[in-house]
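Take a look at the structure set out below.
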Amino acid sequence: MDVKTEDHAQLEQVTEEDARQLTKSAGRKFLGIATLIAFTVLLYMALVFAPEDAAQGPAQRIFYIHVPSAWIGFLGFFVVFVASIAFLATRKRRWDDIASASASIGVVFTTGVLITGPLWGRPVWGVYWTWDPRLTSFLMLWLIYVSYLVLRGYVPEPERRARYSAVLGIVGFLDVPIVYLSVRWWRSEHPLQLVFQRGGLPSQMLLSLFVGLAAFTLLYAYLMSVKLRVGRLSDRAEEFEEEVAR
Amino acid sequence: MGSLPELGIRLRGVSKAFGSQFALSRIDLDVQQGSYVAIMGANGAGKSTLLKIISGLAVPTKGTVTIAGIEMRKAGPKLRALVGVVGHESMLYLDLTARENLMFHARLFGVREPREAVEIAAERLAVRRSLDRPVRVLSRGTKQRVSLARALLHDPAVILLDEPYTGLDEAAALSLSSLLEDLNTPERVLMVTLHDVARAISGPQRLVVLSAGRIVLDTPTHERSEDVADTYLELLKAEARR
Amino acid sequence: MTWMTPAATIAAKDLRLEIKTRDVVASVGLFVLLVVVTASFAFPTTGDGREGVAAGVLWMAFLFAALLGMGRSMALEKEEGCLEGLIVSPAPREAIFLGKLFANLGFTFVVELLILPVFVVLLGLQVGTMALLVLATLLGTLGLATVGTLFSAMAVNTRGREAILPLLVMPVSVPVMIAAVKSTEAAFAGDWTSSTVSWLLLMVGYDALFLLVALATFPHLMEE
């Protein structure tokens, strides 16, 4: 029928226009540049500006990547948590897109934590891994991220996938502090505990740390905006398809 | 159109999306009490989805479903008690006997005097002899009749059947047809999905045809039934051309 | 409470099914027994910390029992569209969850009850405080069953069927596993310490929190 082809042509037109509009986001470009600048500054501060730790030596500088990565790893899942609740409450696809984007970005940073942790630990304390409560909690967070992503891979149907991951996102996030608590209690019964001093950092180190946090947060925001751009296009196409149906 | 009598089904702007595919697109449908409706359409047209939305199995992406003036979203449990569903699968536990299955559903639906209700339903569906046998060993036809009994136990006001004639021989099909006609009383709503246009126009009073999630035909069947059949065949041909 | 009657009906149906087929208890029980026997070969017969190792092995066995049982229980609902039968019934979704939870708890407790004496005998243990052992087992199993029942409703609808259930449950159940193991260790050793009370309270908190979360989120899983 003729109406169908006409609709298709119109659909193509609209999608092209929208594509140009939506991908050409000035905001995203700004984020990208800001991230680049922040990381350049961080590089300088972490390697040159911040004083070397007397006890731990140069390896300690991994701290400026390790801690911000951990912060983003945690933030990432917090966003998954909020987006999951929002999705179940509103059932809007957008929230599911946000949750899945945040999960796939967050898992990368969490992996970073698990890699930089041992890289830091080995030269400084002689062991790759300790069952330190924080590191162990991050291992669990990583496992929860992975189970979230695997679940998404196992449910082909989008609506169902969104619902199921939302439930896992909520349960998983609420579990993380409990994991931390339980591992901390578990470890404190043993006298052997490796504590890294975080209190009383010299101001230069603190400043470098803050720059690190800022840089990583910008990176997260930038990556999210890139990932979500694609989602917006398909949403628009969907809306149009529905209008055609009327 | 005036207000719907006591028990009616009303769909307004109902869309159901699975990902980016719309199984149903902006469906508006009114089914009055006492109706016996046949729903037809190609595979994937949205027939099963339509029934699932009414039974509460599926939640509409957009739009509202109202039964007896109450929105499904607001009073699910109460409304579901009014509905009996026969789907593609039997909804019976294979390792329990027919009786145990029926008793379970009777209790679940809050039927008073479950034992009696089971006996009556079994009698009506001619499955009394099979009541104490495990469902696993029952023949396909008997299993379907037990499943029907399950759906009718609580004397539902709305009966939904999704392709109940599939796989039935002539005798069984005739028996089902006649049962459905008996069930078609002024207090009930019957909705059946089918593939056979002859069956659609002989029992049901109304034919609704779906195509790609939209209603393309909605007509009474009893007046000028040949015209209805012709119209339907035309629709099929048009679709085949696309 | 309007949830209890349908929940009880569903749990009773599961019990009836299990009595008829002895499906879950038999296969799960046997598997767990094998785990315990195998573990006993590697078990230290003397020395400090035996109780800790024993508690760890025991809870691994209990975890397997719970996972297998819950997976099977939900898989039964997938056959013949029985789960849809529950969804179209007037039973509130929360009641469906509770019904399956009670049934899963029941099966798992039965298996645990059978395994425990065998375990104690094979490993030559002494149970210092029976009450603590029972309490730890109850609280721990409730935690596993709550999360497991919720996730089994998802797992059963995925491509890998119930196979994904352990992956979903295990990370989330770490706190309750640690707490259960520590409490059980104390039970074997026979001393309640203040930390034991903390572990029990942790389990209570975990169970309560996730029971609420499960009740709130389960309805969203009961849709096409």
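Brief remarks follow.
We call the chains A, B and C, going by the order they appear; numbering starts again at 1 in every chain.
Everything below uses one rule, namely that a residue touches a chain if its C-beta (ideal position, glycine included) is under 8 Å from a C-beta of that chain, and two chains touch if they have at least 3 such contacts.
Everything numeric here is computed off the predicted structure, so don't read it as measured data.
Note on connectivity: the fewest chain-to-chain touch steps from chain A to chain C number 1.
The chain with its C-alpha centre at the largest distance from the centre of chain B is A. Set side by side, A-B and B-C show the greater C-beta contact count at B-C. We define each chain's centre as the mean of its Cα atoms; on that basis chain A and chain C are separated by 32 Å. Centroids of chain A and chain B (each the mean of its C-alpha atoms) stand 47 Å apart. Chain B and chain C have CA centres that are 39 Å apart. Residue positions of chain A in touch with at least two other chains are not found. The multi-chain contact residues of chain C, meaning those touching 2 or more other chains, are 223. Not a single residue in chain B touches at least two other chains. Only residues 15, 17-20, 22, 25-26, 61, 213-214, 238, 242 of chain B touch chain A when the two sit together in their complex. Across the complex, chain C is touched by residues 52, 55-59, 76-78, 80-81, 83, 85, 87-96, 100, 104-105, 107-110, 150 of chain B.
If you check the complex, the residues on chain C that touch chain B are 6, 9-10, 13, 16-17, 20-21, 76, 79-82, 84-92, 223-224. Within the complex formed with chain B, the residues of chain A that make contact are 1, 4, 91, 157-159, 234, 237-238, 241-242, 245-246. Within the complex formed with chain A, the chain C residues making contact are 147, 150-151, 154, 157-160, 164, 167-168, 170-172, 174-175, 178-179, 182, 195, 198-199, 202, 205-206, 209-210, 213, 217, 220-221, 223.
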